[in-house]
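In what follows, subunit A forms one complex with subunit B and a second complex with subunit C.
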Partner chain A sequence: MGFHEQIDALIDDTQRSLALFGPELALCGTIILLLLCRLVIGDRLSSTLVAFAGTVVGLVAALFSWSQVAGTSQEAFTGMLVIDSFTIYFRIFLLAFAVLFVVFTWRSGIPDREDAADFYTLALGSLLGMCLMVAANHLLMVFMAFEMASVPSYVLAGILKGRRKSSEAALKFAVYGAGAAGIMLYGISLIAGVTGTVHLPSIGASLANTMAADPSSSVLWVLGLGGLMVMVGLAFKLSAVPFHFWAPDVFEGAAAEVGGFLSVASKAAAIALLVRVAIGFGFVQEASAWVDAEDQSVVQTTNGVDQTSIASASGETTSQIFIAARIQDGNSASGQNSQDVQTTGADHQQGTDQQDTDQQSGDQQGTDQQGADQQTELTQPDESQLSPEQQAAEAERLAEEARALGIAQRREAQEVANESLGPVRTYISYLVGFLAAITCTFGNMAAYGQSNIKRLLAYSTIAHAGYMMFAVAGAIPSIGTSTTLAQDHISALAVYVAVYLFMNFTAFAIIAFLRNQTGSEEISSYAGLIRTSPGLAVCFSLLLMSLIGLPPLAGFAAKLLVFSALADSGLWVLLIVGALNTVISLFYYLRVIKAMCLDVPEEGQQVAVFPIWKNIDGWFIFLLTLPVVVLGLFWGPLREWALAACSQLLS
Partner chain B sequence: MNEVSLLHGFLTIGALLFGIGLIGFLSRRNMIVMFLAVEMMIQGVSVSFVAWGRYHNNWDGQVMVIVMLAVAACEAAIAMALILMVFERSGKLDIAVHQRYREDNQPEYVDRDLPPPEDKAQVWPNLTPAGVEPEHDPEETAYRSHV
Partner chain C sequence: MDGHINWHSFYFLLFGLTACVFSVAVVLTGSIVRMAFYLTLCLGATAGLFFLAGAGFVGAMQLLIYVGGTLVLLIFGVMLTAQGPFVNMKTRAGEWVIGGAAGLMLLGLLLQAAFRVEEWRGPPEGVATATAENAPPGEIGIRMLGKPGDNGKAVGKESGYLLPFEIVSVHLLVVLIGSAYLARTKRRRRASDPAEST
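Now for the complex of A and B:
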């Protein structure tokens, strides 16, 4: 393929991808507008307004893309991102959060007039990174999105510029983040190096091949270490124990607004990324993309793209070869057609040294050779080449073989491959499950003695990250074996994240509004709130009870879904840990409710007066508390939507 | 020298750099040195990425390195800004100074004694007198050890 065709293929791919990239483009545009507006127009146009308009446009674009992409899973930007309904579900979630966040910060007044443009630039930049995190399909993208989400949030944590406390929080966050990112990178380099690809689905295929060849290979230790190191980065983002140390300090030091941002958006993106990475490592996708590739001769496109960029395209063809190899394995058991694909690698080695004139077959050989390398792990890549005629014949034969393999056979191959990935899934599941159990328990225990409400909620978010990780740990073992069960888990997770948005974000909103009145964030300062502002106290109590998971509130529905999926999978240990933790968490949430409703304020203590019906702030709180009650009673539609969202995740 | 031994050599260097960086990150208390150690970790990763790319005969490794360096530079810039901000307020680069946030009932953690607070009188730079000396902010002199 010539240079021009490659460029054309790349341009086509970019145009197709940009059409799927609307919401992110809206965020990018808003960021640029925010920065330019101040330069050109000055103070006459409020930055808040620009940010609000931009996020609304983004949300609308995300909602449109739901119907646009429904039913398909597409790779964008040469395989860097994958746009499927799971991505769009989380995108809608993140952009809805962005809209609410802008409204909330407008009312609470933390970015003052001067800072507003910077504040929203940082927040939207971080959200852009989070949108990429949920769509990541490539280890490079995993890292980039991780950093894009983290770096602005370091600055956000220190947005209260005048205060020494705030800069301490930001500094701690940055130090932890830098260390975690470094360790995660090393894990990525180990995994990418050993499997020979950076494209997540290809990594699964490559792993399956390694496992099938030699289940006790010493290379697996390296991969295990790499997985552990990647988990360090993800655990930092999720604030999972033992990488949670930053969370309480940052939440206490940063403004409540930033706390809400970090606890909801950042956590949702991190848990989605965890799901993506876990599925990438522990699951071989059905090569449905392969059929298209053959039919529309995208093979040329993908190979062209591969040479000009880092794309996964080569990974895609590689995984085809893998699956072909797996099918051959399956067939040789029944006595047909043995070892054809396996021997091609050896054939190449006997080839002569002629110039590679036929580009396409050269590509074919390249990927094939890569396949052979990965099969035999760490063997030396050889530089020898075939004569053009032989190459052409070989390529034709391979392509024909590939076409001859029916969909049923492909499914069979996928099953065989997924079976051999069993130990990988067990490893990931144990790792995530163990971290989830200690995260949950530690978070709830540590929250018990807190006197500062933000610190208490920080530990509460740590515990909730644990509950979310339960769902991931439960989903992974059944990924290759029982798709419906795995979807149960992941849809429960999606519901949990959506419900968590309303519960936790509103709680932080209440904290910020009360802080604006009393200037205090101690639990004791809430004494007597029920008398001065009964509506607010009731809303806050409902949110806290929902965080505990008491019926009939939304928190209960979310926990019920997660736990019942765990019971279906027979993961009794995790179920018991989760149930015990729910009981432990009862005490510290109730302590806040007690302070509000029963305690008498001390002499001279200023108690906030916050009528819920009289101003926008009150209505904002009320309208955000409403879903917590409504979703607790009617969570059917949300669950249906979540199920639809993860329907393409495991195909 | 064949491919595998070349790979092993580079990977060893990469792992050593990463290890030294990690140890430095965990054991140093000077904030700037901590971030230097993080950079060293990332350089170690870069070396092993390039080695893997060479071994697999593709560009993936080098592309990763280019992106990584750009991201690491952003992170270092943010970190330096934060360190400067903290330094302006406290006048110290020691990370152990920053322990205001901790659990209520826990004492400050000190592995080796913190340097004593400097009680020297404020020394102003000795410049040729020009105009009237500005009034000093008493609050500012309280937390700033020097200018």
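Now for the complex of A and C:
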């Protein structure tokens, strides 16, 4: 390929990728607009309006891309990102969150007049990173998206300047984050060094080779260490024990708005990234090239327009021969239908005996030149008598057959490869499951003694990260056995994340609005709330009960789906841990409800008055609490949508 | 080898020892200015190791970004923010023990990892190997513009790096705004008291 063809191919690929990149582009544009707008106008409302408009445009673009990518998953930017329905589901989720977040911060007043532009720039920059995390298909993008999501949120944690706690939170967050990122990068370099690739689907393929060649290879030990180190980074983002230390301090020190941002958006992106990485390691995609380690035969995937590569294999897996044959439809100088057959198998002789394709070539030893001279006896006894149209049709038929054969063979190879990845999946499942169990238990235990509501919710988000990781641990083992089952389990996670948005984000919104009135974030300051503002107290109680997972609220449906995924996978220990944790969590959530509904305020204590019908704030809370009730009763559509989102994950 | 010195080994030992000694010195010293200086030497020696390994581009980047950029910034930061001439950090005995134990455990793990992989051990004695090929800068530039690479291996494809190259600029913009925000003094909102606004 000449230089100009290369550039043309690049432009084509980039244009195709940019069409799939709409929501992210909208975020980038909004960030720049925010800065320009500040130069010209510079008041709070204009920044908020620009941020609102930008996120709405992004959301519309994300919703639009749902129908656009209805077919199959596509790789964008030469394999850097993968855009499938899972990506788009989470992108819609993140951008919907962004719209709600802008509305919420507009009402709660945390970014004041001079900070608004900075605040939204940072929040949207972080969201951009999260969108990339969700779509990452390459270890470099995994790391970059991780940093893009993290670094702006360090500043967000310290957005309240001049407060000791806030600055401390930001510093702690930054130091822990830098450490976690460093360890993750080291793990990535180990994995890249051992597998020889950084492209996630190729890592699975390379891993399958290693496993097939020698299941007890010493290399696997290094890979295990690398995986563990990558998990450190992800656990930091998920605030999973033992990398959760930052969470309570940051949530307590930062504004409630930022707490809502970190606990919902950041966590959703991290769990999606965990799914992506786990699938990348534990699953061999059909589309990726796979090499049988024993005889070094190659299945080549050619993405060219006029070339179809086929792979024909026969015999047992131990003597698999892959012959990559390229069929060109009459583009050669003589305008003939020519085939060039390349044998790449080490023992091609055996391959010739066993293969039953249409290519009865006498000598496969040949180079491309020799191969091009050969004619297929079966289809073209005398090629000069065939008209160009016939030749073209013939070539098409051949290509079609070859393609069908290639797909069948590749499926078989994929199955074999996936079987050999079994131990890898067990490792990932145990690792995630173990972390999930201690995260969940620790979060719930530690939440018990808290008197500050933000600290309590921080431990509650740690516990919920555990529940989400349960779903991943449940889904990973079934990847190898049944694709539909695995998709089913991951969709439980997708439902959980969507429900979690409403539960947790609204809880943080209520905390922020109450803080604006009383200036306090202690649980004791909520005493008597049921008398002064009954609507709000009922909403908050519903949210907390949903966080526990009591029926008939949405939290129950989400938990039920996750637990049934665990039961399906036979992870009974995790199921018991999860159920026990739900019981433990009952007590501390109910303590908040008790403070609101039963406790009598102390003498002289200011009790917030927050009418739910009178102003926008009240309506905002009401409209966001509504889905928690509605989704608890009718969670069918959400479940369907989540299933559709996961339907392209393991193809 | 009759009096000849194997310069490659010599430089490897030199750079390796420099990197190790000064990285330990960074941990042991209490003065921040000294730490920054030792870090310069340590990172510079690492760049030397990259050059020896044939990764000229990475070595140059290491020098430019870490030694040239970050560290100069660090030293300036220390000089401009330090209240006294020498800021000393004190570490308690308990922290030494815990930190040392964690560090040594990690070191043990990583050493094991480094020596486990057959291919990473280098060729056996007496076997000549081809020196690693440097990727020409032009090729690197084209890859940054998004040309997928051809790694010559069967497994996997090498992506072009257009997206990371471009998106990191957005990230840097956002982070710049963030650092400017943190560095800026908050103005008082009360207009009646201009004396307080700093």
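The definition used in the following text is that the second predicted complex is superposed on the first by the 528 of 651 C-alpha atoms of A that agree within 3 Å, B and C clash if a C-alpha of one lies under 4 Å from a C-alpha of the other, contacts with A are read in each partner's own complex, and residues count from 1 in each chain.
Throughout what follows, contacts are C-beta pairs under 8 Å (C-beta built on N, C-alpha and C of every residue); 3 or more make two chains touch, one makes a residue touch a chain.
Just so you know, these numbers come straight off a predicted model, no measurement behind them.
Colleague: Tell me which partner A:Met80 touches in the superposition: subunit B (first), subunit C (second), both or neither.
Modeller: After superposition on chain A, A:Met80 lies in contact with subunit C alone.
Colleague: When the two structures are overlaid on chain A, which partner does A:Arg164 contact: first (subunit B), second (subunit C), both, or neither?
Modeller: Only subunit B is touched by A:Arg164; subunit C is not.
Colleague: Of the partners subunit B and subunit C, which touch A:Gly129 in the superposed model: first, second, both, neither?
Modeller: Once the two structures are laid over each other on A, A:Gly129 reaches subunit C alone.
Colleague: Please work out whether A:Pro248 is in contact with subunit B alone, subunit C alone, both, or neither, and reply first, second, both or neither.
Modeller: first
Colleague: Figure out whether A:Val222 sits in contact with subunit B (first) or subunit C (second), or with both, or with neither.
Modeller: The answer is second: A:Val222 touches subunit C but not subunit B.
Colleague: Contacts for A:Gly449 in the overlay, against subunit B (first) and subunit C (second): which applies, first, second, both or neither?
Modeller: After superposing on A, A:Gly449 lies in contact with subunit B but is clear of subunit C.
Colleague: Between subunit B (first) and subunit C (second), which, if any, makes contact with A:Met144: first, second, both or neither?
Modeller: After superposing on A, A:Met144 lies in contact with both subunit B and subunit C.
Colleague: Looking at subunit A, does subunit B or subunit C touch a larger number of its residues?
Modeller: If we count touched residues of subunit A for both partners, the winner is C.
Colleague: Quick check for you: in the superposed arrangement, does A:Ala205 touch first (subunit B), second (subunit C), both or neither?
Modeller: second
Colleague: Given the touch rule stated above, what does A:Gly179 touch, subunit B (first), subunit C (second), both, or neither?
Modeller: It touches subunit B, and subunit C stays clear.
Colleague: Of all the subunit A residues, which ones make contact with subunit B and with subunit C?
Modeller: Comparing the two interfaces on subunit A, one with subunit B and one with subunit C, the shared residues are 140, 144, 147, 151, 154-155, 158, 161, 170, 186, 190, 193, 196-197.
Colleague: Using the touch definition up top, name the residues of subunit A that touch subunit B in the complex.
Modeller: Against subunit B, the touching part of subunit A is residues 139-140, 143-144, 147, 151, 154-155, 158, 161, 164-165, 167-172, 174-175, 177-179, 181-183, 185-186, 188-190, 192-193, 196-198, 248-249, 252-253, 309-310, 314, 370, 373, 378, 380-381, 446, 449-451.
Colleague: Note which residues of subunit B are touching subunit A in the complex, please.
Modeller: 2-4, 11, 14, 18, 21-22, 25, 31, 34-35, 38, 41-42, 44-45, 48-49, 51-52, 55-61, 63-64, 67-68, 71, 74-75, 78-79, 82-83, 85-86, 89-90, 95, 98, 100-105, 143
Colleague: Of all residues in subunit C, which touch subunit A in the complex?
Modeller: 109-110, 112-113, 116-118, 120, 142, 145-148, 151, 153-164, 167-168, 170-171, 173-175, 177-182, 186-187, 189
Colleague: Please give the residue numbers of subunit A that touch subunit C in the complex, ascending.
Modeller: The touching residues are 6, 10, 13-14, 17, 28, 31-32, 35, 76-81, 112-115, 118, 121-122, 124-126, 128-129, 132, 138, 140-141, 144, 147-148, 151-152, 154-155, 158-159, 161-162, 170, 186, 190, 193-194, 196-197, 199, 202-203, 205-206, 209, 218-219, 221-222, 225-226, 288-291, 296, 298, 300.
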